[in-house]
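Some notes on the structure that comes next.
By letter and in written order, the chains are A, B, C and D; residue numbering begins at 1 in each of them.
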């Protein structure tokens, strides 16, 4: 496969169609990002990197980090974890608290905010310094010291964390939250404020395209069974209330973030990261989604 | 792959674990089915059939027929159809009318009842005798005259169709229903009352495992692109509010019916049908789901 | 009390403030009503009539008729009726079907559409010609042959009855509907298409201001206990999702209709009807509500 | 009116029917209250006290205190307050957060928890020591130093305040909460932990039966207009999702608390407090509601 040629074609085609959205503006640090940024990096199972555009420039990965944190606990907690978080698509916005009430404190899946807070709570129980462990984990699976936490983003996000704090207290009311709310929120906001470039992000997803084995860490990060399940979760729940649409149009497991990034995998072939800051009304990057749809059209394959 | 050996192993293992559920009992014709029935049929892309248990005995396919009806219109209507039905998992029971109200008359996907009614409405617009066409379609894609409509089931279902009639009138109130309600309900109930055995059902799904091309009809039934999308829809929406769980545990596109059947595909490998009447509380066959989970465990592959 | 003087003051004040809304336009017959019409009729317990403006011109009473139909069955069915309809405010639009699903087929109250359909269904069970009985009832309690059914309105409403038909089938699915849907819808639409003027409407509510005793019929229409309860229902549920606001601002039991009418009672003092076609976004007459608020301000009393 | 005789009759009749419920058990301090306690105190507009049973024993007034706090700010804030809290019945449990999400951070009314938190937040803005002011207010309107805060109840409630804390943060996310969450929750929990006996509670509601004028304070506490509106709010929203039922069966404005108390008024006649700890499933005192229903039956009058 001439991946370099294909992603360059995709890049040009998206550029020429130039679909527009709206940069996330709830904090100034995200609002001020250059809306024209656009990069793609694809990493195959040998570790060969293919890149185009702004693929080496770090950006705020935001919710994409929820795949990393889930991977850190999924294989350890097993059954116990899945009694605390469900694995169903939500059919609701990512930060809905109504659904959490109907479902009596069990978040629909680990990628909506409530579910991700439970994961970060589990991390907090497991590790003395959970944030340090998240960085360490990403460094290991991407084979590089590649993560930095943007302190300005983190401070801004903390000032806008009332809704997540409400979700955490609500989880606590249902006995589904073990640690002090403020501590977990701090860690959650910090790992959402991590910055990486497309190459490193794609590398950090490589083990999920490879049945759980990382060529960078030279070890099984999660079992083949767990890797498949995390991929299934990304497919059904990775794009909030647009997950069905992404599965329908693109057909790959993936996870988006409001920073405009999308990380995705084609099992047994490659992992890929795309970044472009303008979002559609569901909160997903307009250009990244178009790029991935064009990619699977050109490749003539997807999961399906 | 020694599929025969594998499905026999799966069959024995499910038999010995013997998980139990509850046979659908809202109509006597389903309630009286022998709860012990259990069959598996797998068909590979060459058309070779592998079978075990009651795999040659016809059963009521019920909602599985919604995949057939969708396939009949998906490639024709294209954009127009997808403005009438969404492609998102519902996060709600299959016959919820509340969600239809929140979403202003656009069903979440073509597999919940409201969405399937829109598809049958589209069929009714397209064909003079839509029911005859559904039979003809299934005969073509399975390569056999294999479908019969169980008149007792149909009459019973008609007597219990108030909720679906309510959904249809509600769609009409939102101008998303073109034909007379009673006529469409009649066709809908009839195609849900079709009976087929596992072999024929698996054969009828074969084109979805084969990029849209049917080896029985010797023609492209839907384009490769549409085939992928129907598979994506089955993965995200095929098991009502348990779709995420099925994707998580099994990892294959599939569709269940309250008759206890599940039809599923592994793209580029095979299609499969499993039948066992006892259902879990979400309305999906307990043994069929366990069988398919064991299958992908043994095969060591799934979509992911 | 110089009621004539007071309602003339109210009339002038509303006229000069001239608050505006939007005439109901879902059927042409309502859309074409003169938006400037405005009338008030107050009837005290002796039967003395006080009137101002267009108080002698018939208009479409629409949902106000639900108070009449409820009064016809409330004292007969007693406990049985209240197992089929609840007495709680809905917190939702008048034609919501979602709530009916959550509450498993028991409408929140007899004034939302689903609840009123149950009442009309009960009337249909009780009487051979339920519509004739409704007219007869209103004639008796108002002491006059005053009701006509506007055939054009009725035919138009029937053509827009898909949503009510859906509600009725949904009730049937929950075994909370005994008669054929089409027959009940026909009666329901007909009694909502009745026309009366303010005087006659106020007279027809007189027994509710008088502990259930009608000075026109010279008999107890409902017991004092039932009369109080119907009044309580009007207070908590008479204005759809604006009932709290009406209780808060006006403080009288009342019922509105999309024809722009409001009928209301001050127990042990008077009944009153106000008509002005322009509605607010909750579907209640803007001028009628203002008039009644000014009235209780000037009277210096309300229920509270 | 021989009120003493009537309430004794009511008391005996309730005793003999002895309807049972369940004492609130989410904190030990409430769970350990003697379930057999039962008292009634009625105070007429002259200040004459009529009492029976345990009417002089203090109990935890809980949510009844929300009427006091609302009265303290309703006349001051006026329009501004009613832009922050609505006046509609909720149709949902008292501590629902789902509804708050649908209504974008504007609580349905000041008596559900979210609304009461907004009121306490307003008090916190207005007063340096809001809790001290609540006590002072109740002392003034009841004419006695009658309120104590049960420190054990308060500490227990604070340990169970996650859900209210979630509501407060959620309000903050919608910019409908001005002060630090912990500070407001502290005050809220404290005023819900106040103890009073039936006599003092009835006296403290006296001004609401008297067009806003307190015979104890010898001054207008709220205007006649505001008094009427608080009464209207109690009628439509005072008993959570059983408000319609209470209006229907009793027909008086009132407010309940999970301590088993109910305070109610008959405008221009009397105020009344009833206490019995066992609650129905909606959280309202079983015996208190029956007592008030019998009372209005015997009096042959209510609001309606």
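In the analysis below, a contact is a pair of C-beta atoms (placed from the backbone, for glycine too) under 8 Å apart; a residue touches a chain by one contact, two chains touch by 3 or more.
For clarity, every value in this text was computed on a predicted model and none was experimentally measured.
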item: C-alpha-based rotation, chain B on chain C, 0 to 180 degrees, nearest 5; value: 180
item: Most remote chain, CA-based centroid, reference being chain C; value: A
item: Centre-to-centre distance between chain D and chain A (centres being mean Cα positions), rounded to whole Å; value: 48
item: For chain A paired with chain C, centre-to-centre distance based on mean C-alpha positions, whole Å; value: 55
item: For chain C paired with chain D, centre-to-centre distance based on mean C-alpha positions, whole Å; value: 32
item: Of all residues in chain D, the ones touching two or more other chains; value: 99
item: Complete list of chain pairs which touch one another; value: A-B, A-D, B-C, C-D
item: Touching residues on chain C, where the partner in the complex is chain D; value: 86-92, 99, 108-109, 224-225, 227-229, 231-233, 235-237, 241-245, 247-249, 251, 253, 267, 297, 300, 302-304
item: Sites on chain A touched by chain D in the complex; value: 96-102, 162-163, 165-170, 172-173
